[in-house]
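By written order: A, B, C and D. Residues from 1 in each chain.
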Amino acid sequence: MIPLSWYLIFAAILFCIGLYGVLVRKNAIAILMGIELMLNSVNINLIAFWRYRSADGIAGQAFAIIVFAVAAAEVAVGLALIISIYRRRSSIVADDMNMMKW
Amino acid sequence: MNFLTDPINFIANWLGNLLLSFGMSQTLVTVILKFIGAGLVGTFGFSLVIFTIWLERKLYGRIQDRLGPNRVGPWGIFQTFPDMIKIFTKEYITPIGVDKIVYNLAPILSVSAVLLTWAVIPFAPTIVGTDVNVGVLYLVAVGSIGALGIILAGWSSNNKYSLLGAFRAVAQVVSYEVPMVLALLIPVLLGQSMGVNSLVNAQNVWFIILSPVAALIFFTSSLAETGRAPFDLLEAESELVAGYQTEYSGLKFGMFYVGEFLHAFTISALMAALFLGGWRGPWVEQVPILGVAYFFIKTFIVYFVVVLIRISMPRLRIDQMLDFNWKFLTPLALVLLIVTAIVEKAFIILVPSLQLMEVGVPWVRAGVHLLMNIIVVWITIQLLKSHRIKAVRVVAKPRPIAVAPEPPASVIS
Amino acid sequence: MTPEQIIFLIVAVVTLVAGISVVTSRNLIHSALWLILSLFGIAVFYVLLDAGFFAVIQVIIYIGAIAILFIFAAMLTRRVMQDTGPQSNSNWWLGALIALLLLAGIAVVLVNWQGFTALAPELINPSGRLSQLGLALVSPDQYVLPFELASVLLVAAMIGAIFVAGEKKQ
Amino acid sequence: MQSDWLFIGLFLLIVALFPGAPIFLAGLIGPHKSSIPKAQTYECGLETVGETWVQFRVQYYIFALTFLVFDVELVFLFPWAVAFGQLSMFGVLSGVIFILILFAELLAAWRKGVLEWA
């Protein structure tokens, strides 16, 4: 049997890897990939807590489904924004996206 | 359980008991049995290709008034073996600039994605790889892995034609997945289960009778997923050389070929299992092994239709293909899903008050569903007719084809 | 070590290595491929957690749709196959430090929690799970509102994304 | 339940081996006579010009996007369909409303001209 702690630690490490990607990568698409990793680690936590804490309920699964929907919406809009910015500025380096500074 | 009626489970039981008597643990025995079962299903699926390639070439030949393969063995039935040996000894040509790992991974992925489907196909009531309770969604998931194989092949080849072909292929495969999933929802709704074997069990009346439109939508869209004629514009020779497989040679190319043929057979098997009642037929309860025969008869009938369509249809253009999907199949499938849901619910409410005989209930249900399907089809045809007249008018507008250029004004004056 | 634990450890290592490759790989397409491997590992975890439905929708949504969207976007925004130059900020060590500190913080909080090493209870009626989820998603006193709102959200996202990404017609 | 997935896991290994092993073996058996002209990118005899990674139409992305949204919503309908026999009238209707939203989405995309290829 696998204790709950294994899943939680795994999800924490994955979340931190994703966070590192978000903070460090220059490319905007790579930043979105980091966000995907973070969302997935959250989902693992949701399902793991459902399984270990309230296996007769359904709340954890319903939450996870909503996270799936939000992740899909986020990716769709995020990538569309990146493509649109690329078309105007020919760059997807996040540091260059400073139009709002002035 | 007896050897003659159900040999596979008989052998499995015997082997399991034998291994247990050797002192192995129950878990290990389960793993070994599952492993053997998986190996058998895989081998079976993979070796089916050898036969279907011959069959398809023969049919292709006969319909084009040729003989087809006829040298090796009776009716050329062993023709595939020399072909296999030949392609096995070919050289791999790896072009400059390919992404090595991805390039080699792609053909493996595209074959395994198709083979994976066979894990949930029920051959007989008791002979099934695994009846996992999300079987139908598993089929969809496996299909999306196939799309991944195509895009990897196109990207890693470092060739413009490959990449363009892969882009087209993914746009096609991905678009047609929408009506396919919608059509799959209808058997799930009618059978109220997602396991493929449970769905076959639920088909007292075949689902093709309950919902012929869903069956047709599923058939068309899964045909498009295989990427064969008339939907073969991902490898349109006249435009894209060979599409995503341009830079592949030797057995790596052969694997794409195997994947395509196997895919065509696999969708026939799925069609038989989900809509044509799978292993259902007379006396199956007493002799489960008969189910295998029924299943394969149905599968081969569907496969024959698949091959006929491939032989007789011209290729679609990409805009036609996408229009057909998004403006015809998807709305139709959505409407059909709503209609089916409402009819089914109404039937569930009304059944107790109808006071039918126990035997009659499934047939009345089928009749009501069939009637609604026919109404949907009729409305669709009416809509299409009015649309077609508009389209004809647009096309028929007189257009100047070759008008002589007017002389410049200066010349006249 | 039970077989389950061995499977868990192997998959965890593969997933984490893939995750690290996602955030460090130079080539954006390679990043996307590592992301696919990592997401597949997570699908295996869902199976280990008795949530087969989530395992398949993980493959369908993430690998079949989102990863392909990533690959398309990467191809639409790049003209060369290889990226030159560093792919990370100059102060990447700061990011790494923040991530490590966060990990340490989470670990401290988790270790002090008493439910940390709980084992999974027996699952009652595992096959009825799916219809229970279906009932919960559309029953008025449970999740019908989030369910419909998720649909509306996706519609809004799609129309917005199309508006943003689409080429303006002259 | 878990043993079903065990089968699929084992099947995954076998299924990767089936095409993988012959490809590997054929690589050992086949000849290795590579030369630079042979390994050129194939473009019907012409030499390649420029980068492989040409600019693509954004339309491909938009189709993939439409697919993603539809796919996510359709997947949510599967639990609803499995539970169909036990649903109340309200449950059935909220599922139907969900499908109608999907339909409206398709019409919106159609009206916006997203579904045109040209």
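The working rule: contacts are C-beta pairs under 8 Å (C-beta built on N, C-alpha and C of every residue); 3 or more make two chains touch, one makes a residue touch a chain.
What you see is a predicted model; the values in this text were computed from it and never measured.
Undergrad: Would you say C-D or B-C is joined by more C-beta pairs in contact?
TA: When C-D is set beside B-C, the one with more contacts is C-D.
Undergrad: Per the centroid of Cα atoms for each chain, what is the distance between subunit B and subunit C, given in Å?
TA: Computed from C-alpha means, the inter-chain centre distance equals 29 Å.
Undergrad: How big is the gap, in whole Å, between where the Cα atoms of subunit C centre and where those of subunit D centre?
TA: Using C-alpha averages as centres, the distance is 17 Å.
Undergrad: Express in whole angstrom the distance between the two chain centres, defined as the mean CA positions of subunit B and subunit D.
TA: 14
Undergrad: Whole-Å distance, subunit A centre to subunit C centre, using C-alpha means?
TA: Using C-alpha averages as centres, the distance is 6 Å.
Undergrad: Out of subunit B, which residues touch more than one other chain, so two or more?
TA: As it turns out, subunit B has residues touching two or more other chains at 97, 132-133, 137-138, 158, 163, 167, 170, 174, 177, 192, 194.
Undergrad: Show the residues in subunit D shared as contacts by 2 or more other chains, in ascending order.
TA: Counting only residues that touch two or more other chains, subunit D contributes 1, 4-5, 52-54, 56, 58, 60-61, 64-69, 71-72, 75-76, 78, 81-84, 87, 92, 95, 102, 109.
Undergrad: Can you list the subunit C residues in contact with two or more other chains?
TA: 50, 52-53, 55, 57, 60-61, 64-66, 68-69, 72-73, 75-76, 81, 127, 130-133, 137, 150, 154, 157-158, 161-162, 165
Undergrad: Chain pairs in touch?
TA: Once each pair is checked, the touching ones are A-C, A-D, B-C, B-D, C-D.
Undergrad: Taking the complex as given, what residues does subunit D use to touch subunit C?
TA: Touching subunit C from subunit D are residues 1-2, 4-5, 9, 51-56, 58, 60-62, 64-69, 71-73, 75-76, 78-84, 86-88, 90-92, 94-95, 97-98, 101-102, 104-105, 108-109, 112-114.
Undergrad: Can you check the complex and tell me which residues of subunit C touch subunit B?
TA: Per the stated touch rule, the residues are 3, 29, 33, 36, 52-53, 55-57, 59-60, 63-65, 67-68, 71-72, 75, 81, 127, 130-131.
Undergrad: For subunit D, which residues count as touching subunit A in their complex?
TA: Those residues of subunit D that touch subunit A are 58, 61, 65, 68-69, 72, 75-76.
Undergrad: Can you list the residues on subunit C that touch subunit D in the complex?
TA: Against subunit D, subunit C makes touches at 44, 47, 50, 52-53, 55, 57, 60-61, 64-66, 68-69, 72-73, 75-76, 78-81, 126-127, 130-135, 137-140, 144, 147-148, 150-152, 154-155, 157-159, 161-163, 165-167, 169.
Undergrad: Can you tell me which positions in subunit A touch subunit D when the two form their complex?
TA: Against subunit D, the touching part of subunit A is residues 65, 68-69, 72-73, 75-76, 79-80, 83.
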